[in-house]
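As structure tokens, here come the structures.
There are two complexes below, and they share chain A, which is joined by chain B in the first and by chain C in the second.
Right after this comes the complex of A and B.
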């Protein structure tokens, strides 16, 4: 196993001789996306005309199906089949795993008469057209026996339990230190249930050739999807060819397969015809996963100079009764601020609503909304600038584990951001800046998000024309994976971008874990880097061993790659010349990365600082963004353009979390009140004004050979708290219940007599 | 029901279910899959196309209502080797991530520039009868029917601003 020390040596990417690394090159697949020719899962052309599927969803939260009448649907025009739990083809039992190495177990659809959440698929129709399938599905009559269900999270907080296998982290004497603290903050913050709202609904196109099924599906994890389907169908995983070339947004919500995958496969098999099945927008809200609501109690005990002596962050969250998931909303706080006496932990309420699961920066995204507002409250109480308060609590080593940080530029992020944003313009006294009917204020927050490296592989081939093709069972969900892999390949092999091809999203390519947890670039990129380094070795050996090469007999340690050539000093030839002559069939090698044995000896994170300026309408309570600026430190940046898009996108998610986004369970039925994009309000163009971000120079040599880290989730972490703190600075209304909609703001303004 | 729609300059004769939306006619019957289905309820804008030069949500319109109409989809705006300036600007400014809302954003932007050039007022236009100066807030307001969950909004505005500058 490798050591992080092995990664400190210079390599082609860190040397960056041609300068491709870091450059804001256009997206590799960009032309396909701006011309509409990138085929997403529902758009892939099957070998023959497809049938169309449609799902019918349950309309109770908990209970069972007592009768289901499909006669009218079966007699409806164009209908090819109607399945319910009574006649769906045999699937493996839920959770079963024939192959112990499968990453995911069986996940059958229409598996029984039990209803576990409103929106659970209960019937499936396939017809000659989508219109006929939809019409028929709506003719199915389902009779339910409903049972009492736990639906109200806020009313169920007293039922919260310690999650299985977890315990609180208690360091020092929190209660004693807190009781004696000269300055105390004890507040509870609420972050609501949120939905991913990916633009592309989950969809699958499936067909069979003999005993092998091909599925094009919208999923972030290739192997997980392939294994899940293979286990559900009880067939070997090599009989499932899963492809996911373009994905219309994931954000964690497509980390797993839903019923479209297995029903499309089963339907195509039963009909002997390709089949396409998509979730509707409403089904995306109800029948996929969501970020659970979080109630966070934060207690801060500080000295008069702001130094924290006691620190507690306790989260209560919820999950579906049958699908354990913990939103680890307190975890981030374990690495953020120094305090000798600490308490952090989580409690879980089991409910009868759709499954909770990961959504962009699970843990940090809702969690930082609490602590970063509490720090603002403490700063005001003590009369200390909020940035200064954070700097006074900057730890030398990880405050929980005592491990050294691999690199930590939080201070630099905050100081640089303050200067660039113009923090000195802020009046620390709230409610002092007026612009007509608007009150204007500024707020800030810190950002932290862990960095990860998972095992991954990649394969790379060079052909006789010098074209280098990198293949990986990785995904690009809009994150820029195609592009950064092309940059890594071009720089490592010393060729231009147009000599590189990247092929992703195929279960028959060398596996990578997929997109999630902002581990994608570091993980897939490092495997791609290793594959290219192996190709350099293979080509060096090829040239040195070939009497017809000008490099023949040379010393492999002096071989260099650049300008499309392989060289030893002034002896060189082009890669195309070498390969077409010495290996006309091409050269293919693979490479792999895995975490270093000593990687966990370091506390490793990405950091940032958020700065926001808002206007609060004193008449309506509406909050409008005026300006937002973020400064981030996330290792070496591979592509200035795509990385910035990731963090600004994340910041805008923070604006949504602060101002508009939230769903509510209808306590009568267990459905979500907001089931579409007219009810669940994500930010739009008009909501975002003057928003920008920069990255600090950084290379984290403890992270991976290239010193890169993830950026996909960092931007959202803390962003909403900066907005909330700006609202307080603007108008003096301190809200602790996200999102800060006009009704709540107005109530606060009226209470203050404004 | 027999319907003839001119799509990207070509007359296309179709025999359609009257329930088929213009969006589904394009995607499922004419194999023009660049137009995207995001919500099917006119809320997200991913299905935006130009009908007789004006932008509409194609999911909210039945195909048979468009007999004799001229429809322009993203495929008609420009291809890989013949990018429209708006497509090139989206590429240059990194005005998309996952790409699913992108064809709708681009069609909407092209239609929006024409509306502004014809001095159609918007919610943020001060003088309803005057010339429209295409400020950033005008662009934002006029593009707000097109949601981008990846939130490439600053980059999209920059791309449209680039093209609007060229046109003006």
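Right after this comes the complex of A and C.
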């Protein structure tokens, strides 16, 4: 176990005396956001009037800039500076690191004449207004020498190579067992490239005071952004003050800094004036990272009773030539179903398109679209209910490592979901249920997502009025981090929510790893819990050692906190009274968390079951959701409302993955065909009619002192597969190419004579 | 920035005169398309004449038994009008299937007719497009053209007209009234308002410079059922993959051509006693597959046959 204090058992979060933990309390910053007073990075008021920047993007996929004419731009009204690779201020070379402890290396902007992808920034203009900056940027004439580029993933699958250091995982004899299996499934599934499409684009407001730069930027990792900028500018990291208080969506796409951060800082320095720089909506598509397309071959060899004997999940994906990244689409399958003979692995195609990178549930989100459909295909082949097939392959220990599970409630998720959803209404024979021109069907899928905890710190201070302020270099990307930290603090300190303040997103606060990989709540929350426990200890010692306190001389073992008071049995005083008398300057302590020593001894995951009902329009091939229900097991739930929003949001994203979402590279240009929200289709309200989710009771005592786990990624995992399986059950059309748009469904209907 | 001037007249003749007198001037109505295109530097007006204060926002009964819809009536109001809902339900169905609630609150009857294509290449100034730069080429022709035209396209352009409302108006045999630059009024059929691309895809309508649509005229509704069907990638806020408007025996298609497509061969086949399926195929026999949009041919045929059956349940399939 980690460092939970021995003297605090049961710990206050587990005990939950005031019932704040788990309650669906409103968002801590909700009022600011809905009233438009939460200042996002671009909206932060700098100390003096800012200049405005604009980025010009490359219009070829690969090659070299042979000439770049900026004369007209420089002469354009309001222009303050125009930078290209020829005159941008000196930055550290890409990948350089001055400080060996820096979390991120240098990432210079406009670093040379090489073009590595369509949309790569090639020039930067700063002007008195955004409109003048944009108009000037459009006057820059760039001449390119284009080179042949690899742009077509599907045509390049045979060029895929094993990623460096990532051997396949082979257990038993897959090929032998598969060849002998009485029931076989061998299918390949394709999921397309996807964009994050955050509401808030990447943006930075920067200004300098002396040799120190302040940057308000939209980034998921505070330290990563701070270090990346410091290394790029070749200055000590303490000379970069990075703030990211509110973030309008990240989804993994803002795990790194982009050129807005570097050029805003450099531009503000060169001008001696604050500067604002944002990516445009189109640049968000073309010039940030994306989830790569994945081609997944799944082979299942089963006994007639459904038990898997041979199991292979092989993923082919892609990344930019200069930026290695593997979408680990097969990883999840290593922990999901029992099978003695196993093969899992990844292959990678190097391409000349923007960088592939993490996007909500990297690996699981595209990966589960394959296996969870293949299981449906196997269930039908064997005449076994798809839930029953999964239950028959439920492992006792982790099927790859043999480690025990910390806790695994997949069976309970599936059974509870089946009952609540009404799975018994499903006709296993496809194409049987008609409602006017619609064919109606149901599908299900399992969900699994790993749980992690990273090292983090938090600081907490109580002042003489009893207000407790928690500070952490953590981010809230819209998930509810502010709110859960306030709940943990209030419950641990025995105060009401309005006595708690939470301050996040500042590089000068105790560091936390930020938002990503659904590790945020467990990591930041545990550090906050530790800090608050240390504050309890400090206040207990303060009271017991203070002759003026009614607790003076008491036994710290019996100190309790509640109703804003510190007490030993019936002796008590308010925290405000104690602090204002005994420590009028306030009391500040920090706390830290790191993975428990035994963290790697358990197979630790979050689980779920998805259930979907769809209608297929037999005239047009349009698929419309009718109902969706999810059941999840993800440790102790801190906030019923924000946690549910996370999983239902993930489920909705899964609906998008199944039905609408994806981007395509135009192979002539290297650009994406969809570059705005009218072309790149995510579900609208009208697409989501009846959708709900519940959490099972759970506390994972192997996870962290509070028994909590992440929920941010779990909801999307497998969700799209449940929709795809429902389409098949509705109309008998088995598609393996996501998204399942009307043209594809219609082709299937017509092939069946419908 | 590209500087432009702006005025907001209250008199129709003055508005028309202002646009006619200023090279590069444009009318601004709801702004739901023009302002987006200006932000992308695709539309580059020198002068905007805001027509939102013109007295063109009423819906009146005509002596002929139809309706006269002011060109500044918003899509939301038009779709909700009791007379439209009871007598021209195809129009209400079409309008509410377009855009989003917010867009329909701003978009106007006149502006809806004059919105520009949603072809992705038109919206990407880094690509050749004969609409944006005549003679530069058509990127959609050999490109990702899933949403392009199957009727009436040319080598220069395979873009489609995106309006839903215009498809219903075409099936209804509606017309528009305009005021021309010299202050005269004229009428033309909605079916004659838009052009096919030919060699000049940048010319999208038969309106003269400065000519303003002042009203949409609905004739008395012909007998028979009215149905609007739209197939799309998601349930709301998505352009049509294809749409079909049926008004009795009058049929028009949407999202399949550079203009709302009156399915004359289908209508002729119906008049000749053909079944719904035969009648649908009569028009679709002339459709063209440009690569990734071939699915629209079967899609429109199926939707048409189904909509004909729905409009007139007695009609043989």
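As a convention for this text, the second predicted complex is superposed on the first by the 745 of 754 C-alpha atoms of A that agree within 3 Å, B and C clash if a C-alpha of one lies under 4 Å from a C-alpha of the other, contacts with A are read in each partner's own complex, and residues count from 1 in each chain.
The criterion applied here is as follows: a residue touches a chain if its C-beta (ideal position, glycine included) is under 8 Å from a C-beta of that chain, and two chains touch if they have at least 3 such contacts.
Keep in mind it's a predicted model, so treat the numbers as computed, not measured.
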item	value
First, second, both or neither for A:642, with chain B first and chain C second	first
Touching partner for A:497 - first (chain B), second (chain C), both, neither	neither
Which of chain B and chain C A:685 touches, first, second, both or neither	both
Chain touching more of chain A, residue-wise (chain B, chain C)	B
Which of chain B and chain C A:270 touches, first, second, both or neither	neither
First, second, both or neither for A:660, with chain B first and chain C second	second
First (chain B), second (chain C), both or neither touched by A:620	second
Contacts of A:338 with chain B and chain C, given as first, second, both or neither	neither
First (chain B), second (chain C), both or neither touched by A:467	neither
Which superposed partner A:675 touches (first chain B, second chain C, both, neither)	second
Residues on chain A lying within both footprints (that of chain B and that of chain C)	129, 131-132, 135, 676, 678, 683-686
Footprint of chain B on chain A - complex, ascending	24, 26-27, 29-40, 42-43, 45, 129-132, 135, 196-201, 246-251, 278, 280-281, 477-480, 641-642, 644-646, 648-650, 652-653, 676-678, 682-686, 688-689, 691-692
Complex contacts: residues of chain C adjacent to chain A	1-2, 41, 100, 118, 120, 123-124, 126-127, 139, 142-144, 146, 229, 231-239, 241, 295, 298-299, 302-303, 306
Complex contacts: residues of chain B adjacent to chain A	17, 19-20, 24, 27-28, 31-41, 43-44, 46, 73-75, 77-80, 83, 87-88, 90-92, 94, 96-103, 106, 136-137, 139-141, 143-144, 146-157
Chain A to chain C touching residues, read off their complex	59, 77, 129, 131-132, 134-135, 138, 282, 437, 617, 619-622, 624, 659-660, 664, 666, 668-669, 671, 673-676, 678-679, 681, 683-687, 741-743, 746-747, 750
